[in-house]
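Given below, in the form of structure tokens, are the structures.
Here chain A shows up in two complexes: once beside chain B, once beside chain C.
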Partner chain A sequence: MKKFLQIALGIVTSVGGFLEIGSVTTAAQAGASFGYKLLWAILIGTICLIFLVEMSGRFSAVSKHTIVDAMRERFGFPFFSIVLFGMVLVAFMVLVAELGGIGLSLQILTGIGFPWWAIPVSFVVWLLMWKGTFGLIENGVSLLGLVTICFVVAAVKLHPDWHHAARGLLPALEGDQKAKYGFVAVSILGASISPYLMYFYSSGAIEDEWDVSYIPINRVIAFFGMSFGGVLSMAVLVTSALALQPNGIDIDKFDQAALLMTTALPRWGFYLFAVSMLIACLGAALEISLAISYFFAQGFGWNWSESLTPSKDARFCLTYTIIILLAAVPLLLHIDPIKVTMISMALTAATLPLAIIPFLFLMNDPIYLGEHRNGWISNSVVGIVILISFVLAVISIPLQIIGG
Partner chain B sequence: MDLVRDVLDKKLMDREDCEMGRVDGLVMRIGENSQPRITHIEIGGKTLWMRLHPGIAKLAATLARTWGPKRAATVRIPWSHVVTAGKEIKLDVEARETGAIDWEIWIARHIIERIPGGGHEEEE
Partner chain C sequence: MRTKRLLVLSLILAAGCKPPTPAEQMDSILSWIGTAGMAGDAWLRHTTPDTYTRQTLELSSETLGQISKDLLESPPAMVDTAALHRVLTETSKRITRMAALISAKDAPDFARQLDSLRTDQKTVKALADSIEAKQ
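Moving on, here comes the complex of A and B:
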């Protein structure tokens, strides 16, 4: 019974925590510009994420190490510092985007511009970290995140043509606008395959004291949690394809994205969208701040636990305090959160090899995993998706920059 | 024992299972008539940054002189204090007395404790 509850809670929190500004913006943009044609990117991104999350949980349950611990031990400090620099830089940009997402949601709810919200929002995020425990952040916020299921309701209410949508699950080349198509595909992959989620999940497995007996539970949670999450992203894309594409609305402003719910749910759509985004971005902001602090603390061997009093893990707490404060600065300077989102998602995709290839080495290491190490299926699936994302990123990011 | 695989960069725990950093460096002694021996484990930024670039180490040292706990020498723990070396390296020392967690204590006292709700570093 206890195990069943754990599985249920695990799935529910994964679903509630899945959507954030990256997945919503990229999926909405894909739908608005290309109809159903980019559904395949969400599909392969989600499949890859299922494998990666399963691996992260298994790695920590078996080896009792977090991914970051093992990365420093196996590859040594010089290589570790390169990964640290790359990952923290990208995660920081994503954090700026999430805080911006909260600010934009408040802006469309209250009419007060997002730069005014930068300080209050980062203060609330910091306060939740300062006062909260790991359980509160993992479960509380993700449970509230279930409100994002409203995107599925909206998608179904618009009666999509399912056959047509299913065709979008197969990759196809776009005739014109090739550069933009590639760039949006890359951003979707970056938004789906978030390395910070792996660090967060693997640290969570250690905080919750998982052991080998959790391997089956972990598999079920990873599969169902991430699949349902992927369905939410697809629902955003479908809603956007039906509500925005016919009207020729292209998303470069957040209030345009808000329109995607009003076609399906005229009365509540606007507020539901704003509240969903607010909660989803808040959850993601907390997870990313934690992931960055975990990265430093584990890499350097500091005490860390989100459930300790701050003075018992001072360096860990100082790290997230500084990161959250710094993340408010770009927003105060009126930098457009949607632009930051698109750039940081594409950069995530471009830096995936840096995060994932060392991780695959660890997953195949008998010293850490013994008989529980990866088989050829997991290695090939993750390897291929990472390769596709990287190649697409290298081709489409420069094209997008040249094309403006 | 394979020094680089099994010792370098591993996590260090003190007598009371308190985290005290990682093995940032190892000191070996080469005698004229004897076998080389590992004598100390080094902990701390100085050793760590040297592994990246001497320039970064110099910069870090300059910054540490104006800000942070004052400590001139690198923290060195004699190898004889190693109890076990497995998943982590367990040492028969008190983390606080070695200087390995000077920064942790300094940040707790000077920054974290001054913020409301930060608690106190010395409380049990």
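Moving on, here comes the complex of A and C:
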């Protein structure tokens, strides 16, 4: 019974914690600009994420190591420091975007511009980290995040042509706007396959003291949780294709995305969107701040645990304090969070090999995993998706820059 | 050495950045007119708050004005520039007026302006199609 409850909670929190400003913005932009044509990017991103999350949980449950800890041990500090620099830089940009997402949600609800919210929002995130436990962050915010299911309700209420939508699940080339199509596809992949989620999940498995008996539970949570999360992203894309595209709206600003559900859910759509984004971005901001701190603490061998009091892991707490403070600065300078989101998602995709290839080596290492190491299916699926993301990023990012 | 190469590559990319084409600018203009129309329609149905709708209309008008200015500085060939200028200016002013009507809570006049905005949208769409066809 206890394990059944853990599975249910794990799935529920995965659903609630899946959406954030990156996945919503990229899916909404894809739907508004290309209709259903980019559903395939969400599909392959979700499949890859299912495999990666399952691997992260399995790795920690079997080896009793976090990914970061093992990466430093296995590859040495010089290589680890390169990964650290790349991952922290990208995760920091995503954190700026998430804090900005909370600010933008409050902006559309109150009319007060997002830069004014930068400090209060950062303070609340910091306070939750300082006072909260891992359980509170993992379950509390993610349970509230279940409100994002409203995107599925909105998509269904707009009566999409399911046959037409299903065709979007097959990758196809776009005739016009090839660079933009590639860039949005890369951004969707970057938003779906977030390496910080792996570090967070792997550290969570250690925080929750998983062992080998958790492997089946981990598999169920990874599959159902991430699949439902992928469905939420697809629902955003479908809603956008049906509500925004017919009006010729191409999302440049958050104010435009806020109209997403006003057609399907006239009474509550606007408020549900704002609240969903607020909660989703808050959850993501907490997870990313934790992931960055885990990265530093595990990499440098400091004490770490979100469930310890700050006096027992001072350097861990100091790291997220500094990171959150720094992330507020670009917002105070009026840098548009939507632009930061799009750039950071594309950069995430471009840097995926840096995060994933060493992880694949670890997942095939018998010293850490023994008989539980990866099979060829896991290696192939993840390898192919990472290759596609990287090639698309290398081609489309320069084209998008040149195209202005 | 590698850093130098990266710097040179970045400079080449930056130098290669070109402004958007007239067709892309017209798409952006249509997107903002669509935004104003959808936000206005939502306000009339009491589904969005006054502050958000007013700010979105002001943002639409401001962005539309900026893109129109850039577009008309080097107008696309074979297009009636005077007609383009007239419709874009009128549309931008209309959206500003709609934002003001929200403060006055004048729904009937707002609805009339929204109807006119739909007409403007069709005119701009026709001009955008002709620009795209000539590119």
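By definition in this document, the second predicted complex is superposed on the first by the 404 of 404 C-alpha atoms of A that agree within 3 Å, B and C clash if a C-alpha of one lies under 4 Å from a C-alpha of the other, contacts with A are read in each partner's own complex, and residues count from 1 in each chain.
Please note the rule applied: a residue touches a chain if its C-beta (ideal position, glycine included) is under 8 Å from a C-beta of that chain, and two chains touch if they have at least 3 such contacts.
Fair warning: this is a prediction, and the values are worked out from it, not measured in the lab.
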item: Simultaneous placement of chain C and chain B on chain A, clash or fit; value: fit
item: Touched partner set for A:Arg267, first chain B, second chain C, both or neither; value: second
item: First, second, both or neither for A:Asn303, with chain B first and chain C second; value: first
item: Which of chain B and chain C A:Pro398 touches, first, second, both or neither; value: second
item: C-alpha centroid angle, chain C to chain B via chain A, nearest 10°; value: 130
item: First (chain B), second (chain C), both or neither touched by A:Gly76; value: first
item: First (chain B), second (chain C), both or neither touched by A:Lys253; value: second
item: Partner chain in contact with A:Trp130 - chain B first, chain C second, else both or neither; value: first
item: First, second, both or neither for A:Cys317, with chain B first and chain C second; value: first
item: Partner chain in contact with A:Ser213 - chain B first, chain C second, else both or neither; value: neither
item: Minimum C-alpha spacing, chains overlaid - chain B and chain C, in Å; value: 16
item: Common ground on chain A, meaning residues reached by chain C in one complex and by chain B in the other; value: none
item: List of chain C residues in touch with chain A within their complex; value: 13-14, 16-20, 27-28, 30-31, 33-35, 37-39, 42, 45, 47-49, 51-52, 55-56, 59, 63, 121, 125
item: List of chain A residues in touch with chain B within their complex; value: 64-65, 69, 72-73, 76-78, 80-81, 130-131, 300-304, 309-312, 314-315, 317-318, 321
item: Chain A-facing residues of chain B, complex; value: 4, 8-12, 18-22, 24, 48, 51-52, 87, 103-105, 107-108, 111-113, 115, 117-121, 123
item: Sites on chain A touched by chain C in the complex; value: 108-111, 244, 247-250, 252-253, 255-256, 258-259, 262, 266-267, 269-270, 398, 401-404
